[in-house]
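Presented sequentially are two complexes of chain A, the first with chain B as partner and the second with chain C.
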Partner chain A sequence: MSVLLQHPGYAEERLRSVTERLPCREAQACTMLALMGEPEQYSYPSIFIYGHRAAGKSYVTQTLLKELELPHIVVSCVECVSAGLLFEQVLMAFFGSSSSASLPRSPSFSDFVRLYRQLCTQLPANQTRYIVLDKAELLRDMDANFLPGFLRLQELVDDNVTVIFLSEIVWDKFRPNTGCFEPLLLHFPNYSKVELQEILAQDCHPSYSPELYSSYINILLGVFYSVCRDLRELRHLAALNFVKFCEPLENGEAKEKDTHKLWRNIEPHLKRAMQTVYLREVSSVQWEQQQTEERETADMRVLSAHDHVELPYYSKFLLIAAYLASYNPARTDRRFFLKHHGKIKKTNFLKKHEKTSNHLLGPKPFPLDRLLAIFYSVVDSRVAPTASVFSQISSLVTLQLLSQVSHDDQLDAPKYKCTVSLDFIRAISRTVGFDIVRYLYDFL
Partner chain B sequence: MTTTSVSKGCFVFKPSAKVKKRKLDAEDYFTNGSEDCENSKERFRLCQDMLDKMKSETELVQDELNKMILDSLLEFIRKSATSFLSREDDWASHMRASEIPTAALVLGVNVNDHDMTFQSLSDRLQQSVTPFVVSVQAKECTVVRHLLQKVLQRLMGMSVSMNEDEEEGSTDVPQKRVHCSLRALCDWYKTVSKKPSGISPGKKRSSSEMEFPAHPPIILIFKDLEAFSPRVLQDLILICSQYTQELPLLFIFGIATSPSTIQRMLPHSVTSLLCIKLFQSSSCTQHLATVIDKLVLTSQFLFKPSGKVLQVLVGLFLYHDFSVCNFIKGFKLSMLEHFHSQPLSVLCCKKEDALARAERLSHQEVERVRQLPSFMRYVEEQEPQEQVELLTNDEHVKEVCQKLLKSLRKYHKNYFPILRCLHELTASLPKYPLGKQIRELHVTCLERKVWETEEYETALQLLRLLAKDELVSVLHKCIEILNPGKTKKIREALRQLQDFTAKFQQLDACTDSSAVEMHTEGGEGDTASGHSLQKKTDLFHLQKTLLQMKESCRTKKRSPFELLRNQAVEYIDGLVRMHLTPPESQPLYEVCYYTSSGTLRRHLNATPRTSIQTALSHPYYYLQNEALRSEAGAISSAAPDICIAYKLHLECGRLINLYDWLEAYTTVVSAAKSDSPDPSEKGKVDEVRHARFIRAVSELEFLGFVKSTKQKTDHVARLTWGGC
Partner chain C sequence: TPRNATPSIPTRSLPARKPGNVLEEARARLHVSSVPESLPCREQEFQDIYSFVESKIIDGTGGCMYISGVPGTGKTATVHEVIRCLQHSSDQDEIPAFRFIEINGMKMTDPHQAYVQILQKLTDQKATADHAASLLEKRFSNPAPKRETTVLLVDELDLLWTRKQNVMYNLFDWPTRRHARLVVLAIANTMDLPERIMINRVASRLGLTRMSFQPYSFKQLQQIITSRLNRVKAFEEDALQLVSRKVAALSGDARRCLDICRRATEICEHSSSQPSDTGLVGMGHVMEALEEMFSSSYITAIRCASLQEQLFLRAVIAEFRRLGLEEATFQQVFVQHQTLCRVEGLQPIGVSEGLAVCQRLGTCRLLLLEPSRLDVLLRVRLNVSQDDVLYALKED
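And then the complex of A and B:
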């Protein structure tokens, strides 16, 4: 399966170690090597690599560049909160730490190009320099000339430099409408099940045999492959459950050969872990503690289990009022909250103009007046309009149970939305003995 | 003041520097406006003493409450810090090398109180785990750049201030603040952790002997997670995760609502970078209970809120904010008010001081004592001769005062242990007839004679039905409560209760032997009645027999246990009647009790709209101008324009015709002149009045009473209804 990478210009043993470190990505590595050519040769100006998360994009690129000792810099675009940071990192990597000192305070792309050219004449590249831009999709949010500029950086600075873009998004979503230099596209496909097995089997526990770990991975993939193909998540799961898997071995109840017994032991645990896959509800540390403490029925202190929020009495009613205001059409307020709401024909009233339920459409914004009007009619005692009632509204906003729709500056008639779920509001209204369903238009 | 300037404009005149006012301090404000300066100074001192004492007490309570959760949090942080160091050799920790240890601290919705918790948390962290603790708030960091800037500034700035002696080493890093990146932080961390002398705390904290480990973790505290923008957090976590190999970073999330917020804010790709552990703090109601226990339900603090005041404070807590800090603030305010408004509060101090002070009462103060309602009631109860003495002889009043003060103290010393006992007895009863919380019981006892309430009756009836083991265990608890009591009455009660429990145990011993025969007897009876029931099947006879059986039950001799139980309950009832009398019955209770709940409510629970309406409808209330004093309903022309316009608009419907309004307004205003000499002027409106009217209307619009409408021209819509 593993074909040794071969390319003139690089030492044999270097290539061998690269091959060893890049399982299941030989084809991609090979293409990249071919694109890069020999170290001294000019390479293609820009390469765009895309593929799903955990498909080995950054890993392959970084390993290649690092192992082959090529001059390179890996910049994560998340980290570059300002453009200057990006330029600084690139310049410092290629021309030494003092090179970025002459960058102006908030540099533009042309500043960067000018400085690069200046420095480049003093220190011309004898090998291709690589700039790797990780999470390149964030480049689109920066200045408009960044992406086109980096795409043809080689031409702009007149140096042997190649820019590699890494992203999870396809190139079509990048292409600026003014047109640009088209990079070479390289796709990293997802790992197949066999490949996942091979990769996961590599990080085996030092105190157990590789075969055991491999069989463990086999079981794990059998359970999880249908729902989760993310290598990182699978690795996390593997690490979480391995201790449990090894328990019979530790206790001496089974030997490494008794695969069936081991499987029977681990299966219920994996089933349980399946319910919380991707959620990371319990941290890895806590999971291990639970496994070791061996409490099958003990309540898992998962994050979502604590979805109960204690609120002051009036805050609860404010929240209920906000929920009603968000999900009931304003014209129905008369019917729900007025004792003598006149003659509204029930059939006429109940005819739903909106075919879809309001709960499917999501919360609607409502003005403060309406919130207070509903609040005063649902709360069972007479409440003075005190300052603290108003301050509770704003504290509900900071708790993100309400959200302010209008702009902060609008003091006059601010608008809000209620962001809590039906289950949440039902739990809240149960604690104050308020039957919210009777007041919801959708459930009439 | 004049200027030499020719043009119109605004000119600033600085006050001449000659008259420099002495800045008023708290004491001046306190004594301001009271006739008896010495007295109020004394009260101020007392008040401050008590405030200080209370402050230290609440801090102690706070510390104790947080101790548990903070300790476990510290443990978690220490563990994560050490696992960072030993990462290489452990398989499991190697597998999750890129995860950032995160503590999710669920603190409840009372955001006001969190500051204190975080303060003590970061203090303790800095003392024992690491000097690198940064707390950030959401409002400081709207974009990721600001957040990074804040973090770096606080971390590096602190280290600079810490080792001032070696300035050339690390000061240049924050000075060259070109870019705030984690790379810079990494470099800084390497330089700092290399030389251990750099990290050890400087001169200021040399008292703490704690030595930090070689690589102290960097702890980031997000005080209010909900308020952060998700984007910022995600970016920060993504950035930080790339440096986990070099920086031992640790997050603490302060969560107000529920832990699922984390999942709502952060996508899976981000949460998978965190290793979250959950910490739940104690609920704020529990916290409040402890604070009340320490501040109110104790004879240590002489100042006492009355039932109404306590209800206002607790109501604010339960209905509005859940904030223990605000409760304590309110409590302090009521104390300040008490010392400020009640001249006799000079006697509200330690026993010896109070007695000595009573000795030195001035004539005026003695008069005040005589005017106290509780003292008057006391006088009325005395013999006629004694009454005359009390009303004429100052010296005698002083003596009596001392006696009464002593008995007041004794009352408190007995009151609280018995209150606790009663609560202990009734707290486990079904449906909680006397309230779940001790504060409810306390309020009931303060308000009226508790033994006259229906709830008390039902509670006692339920007590008479308690099973033996329950009763005995509750009695044991009561004994524990009474144990530290020193007064004679309490010792006596303690002895009695111990007696009762001993008797119950004796009963146990002797019934064990007789239980067998009792049981067989009962069994026979049961079967006999069962037989008789089966024989007679018609309804009338059945009813009759049932009645008979009931009768026999009632007349049946009670078992010794039942007798003893009744005795015990009787005794407890007696205790309650003796000690849990409402404080109003105690002479001189005004010295210690603050009763003005209305003032407190006005201060703590402001009603802006009511104030505005009061100001508009009764301008005299605020302006205190005699000309404005008018009977209700009438509209005085001397009132400010806006008040007139407001009163006129109250008489209108939903839509107000502006012209009619103007007419009415001019009529009212011109009524002051009392004469309308020129009939030709009648239809016209004076320009000045017109302008005044328009200003008044626009002011009303600004206050939100009217707004312009498009339904009808020349009309405005009225927005408020009802009110005062």
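And then the complex of A and C:
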């Protein structure tokens, strides 16, 4: 079982409660405690903690700092759209709410350091102050002096302060080209299957026994562990599907001992959940409703099946023409769209070395003239090139069914790409009675 | 405090020490800031500028002159000396009185600040840039019978360049006005500045009165130092000759020459056992000072680099040879690095450590790198020549 954290600087019952709240992270917490030292001792100037999503980086840091009642501030760099917000939060947390009033309107790093020095002579630190910067990878996009500045903040402000960076990205991608003070690197490894089981089994339902919940988690991990190791996602799925798991018990069809029966009941359900709710095709609320209403889960219209769009007649043909222009090479246009195209040698037409299909390489850009030429060829009736045809092209662009490439010339010779999928275009061409597969080079 | 207080710096508690021995005396005389009364080796230039400005003052007309030359050839010092002489002769009532104003492009935050500074020096008025421009325009275009000639020295002219070049245009257009009585002396480093960056109407107003200051030859540099020292016997003759020959070969910069001499006196002072008895500054001291101030530190940096860093540099060169290019990605270099590690019998290092090695070399500018977020795809180039690297790595 877990080892009790020990450190001479802190009270024992505090450390015990911290240990209870940090399952499977004793080693990391131990290292951090050792780095932090006693509250009044100087710690390392900057610590860089990295690890995957939901590896407990911010949780461990925040729990330690909060439970041991150390002066700290947790700033998420996503929220700090301007540097001023970041500085303001740090100063307010350490020196009271009125301290940030004297920051200038768009403060630079030197303003922050000057004010910090000023305030910390009035209010010197008797314990190490901790600044936790969450999502620290965004610091790289701020001013070039921020990251190096925060890395040696202890030296700059001459105060007992430690900056902790939390990120999912390794330190190698942070290092500025002009060099900087190297932080202490600390890695949080992923939870193993056993650890995930242990953590997830902690939040069991009050009306059932812990063993039952533990076996449920076991089944859940058996299905999901190969695709997902994210603790948050797994916990969410566990909470969603537990009602279904307990159904046989509620109805009296099975007892808690009949693990095989319970497994037979829940397993197909979980497999279905992987295809729908895990990919967010069905929202969690819908999923719960389904379970209570006892409906068949598969007949729900999922989010990705909604790709049917009502379009005007000519817009459909324009889109078809755009699709053909994007996925057919231009040299085959004569063969496909000209009535009397003369003789074309088959060997010439089908080049052997073109092995990869155009559908794998993605759409290619085409000029407007080619789109219109194909459009007139695929529409049977005579269409006048009125303003409405051209406005339909531009509205297809705004609907993001087409996309305009190379923005240098808007009026003369614009180029487009078709951005719809094959299934979508097949559905559209079915509605106008056009067999698109016959015209696609890839399917000859 | 009073509203119009003159800005001042706090005074010393003790007065500055008088030079104690010969070397200190020499050092004080050789300081760049102690400009001598008359500049040696610039008599011709002095005469040209003097006669130009004097004739304009006597005629009561205006004109422009463009003065160019590489840094440290005595452009600003010569102009100042000309002005000092002219001031002296106007005090003697030999020529009419005139005013002298100086602006420096480097001291301005914005080229348009030139108007503000000129106006302030002319009339003690403070105004915004636009307002100052219009005031100056009015002043220079309207007749005023009792106006004295103004001599305007514009230093670092190339920094007054703006997209529309209106600052430069105005500076050279005002002297052509009938009532302006303005003489503009413009100083910059490049000789072909008017042709390169000025549009035609500005270049034509600048006119063809040009003067270029040639870099000092070694004899001139030697003469400058001897005139500075003025019979203070602190240097050996050969030592002086060495300094002036070296500097003349490189740049012909008098300031550089004086700095090296000062450094040589310091080295001499340190090397002598007792502070009281100091010999002359000899060849050895000068050689040491030259070494300090001229040699590039890249080779020393490569020699002092860690083992893995040296290996990495070797790997860079090996990869360049293989590719036949002067550029490679980190990935490619790293493969070579690992091979080299195995050949040398070292434990191969990981990618993270390799990147750290590479980026450390990048921070001391031995390598030129792309931003580190590109990871293994960042491109590596050498900032020193391959021969230098090989030379530095070979000797052991």
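The rule is short, and it goes like this: the second predicted complex is superposed on the first by the 423 of 444 C-alpha atoms of A that agree within 3 Å, B and C clash if a C-alpha of one lies under 4 Å from a C-alpha of the other, contacts with A are read in each partner's own complex, and residues count from 1 in each chain.
To be clear about the criterion, a contact is a pair of C-beta atoms (placed from the backbone, for glycine too) under 8 Å apart; a residue touches a chain by one contact, two chains touch by 3 or more.
These numbers were taken from a predicted model, which means no experiment stands behind them.
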Just from the overlay, do chain B and chain C fit on chain A, or is there a clash? fit
Scan A:S76 for contacts with chain B and chain C and give back first, second, both or neither. first
Examine A:Y314 and indicate which partner it touches, taking first as chain B and second as chain C; both and neither are also allowed. first
Touching A:T178 in the superposition: chain B (first), chain C (second), both, neither? second
Touched partner set for A:V170, first chain B, second chain C, both or neither: second
With both complexes overlaid on chain A, does A:L85 touch chain B (first), chain C (second), both or neither? first
If we overlay the two complexes on their shared chain A, which of chain B and chain C does A:S388 touch? Say first, second, both or neither. first
So in the superposed three-chain picture, is A:R140 touching just chain B, just chain C, both, or none of them (first/second/both/neither)? second
Just how close are chain B and chain C at their nearest CA atoms in the overlay, in Å? 18
Please give the residue numbers of chain A that touch chain C in the complex, ascending. 140, 170-179
Residue numbers on chain B that touch chain A, as the complex places them: 91-92, 95-96, 99, 101-102, 104, 106, 108-109, 111, 143-145, 148, 178-183, 224, 226-227, 235, 238-239, 242, 256-263, 268-269, 271-272, 274-278, 280, 283-285, 316-322, 605-610
Please output the residues of chain A touching chain B within their complex, sorted ascending. 53, 76, 78-79, 81-82, 84-85, 88-89, 203, 205-207, 232-233, 235-236, 238-239, 243, 278-280, 283-286, 288, 301, 303-304, 306-315, 384-389, 391-392, 395, 398-401
If we count contacts the way the header does, which residues on chain C are in touch with chain A in the complex? 351-352, 355-356, 359-360, 362-364, 369, 371-373, 375
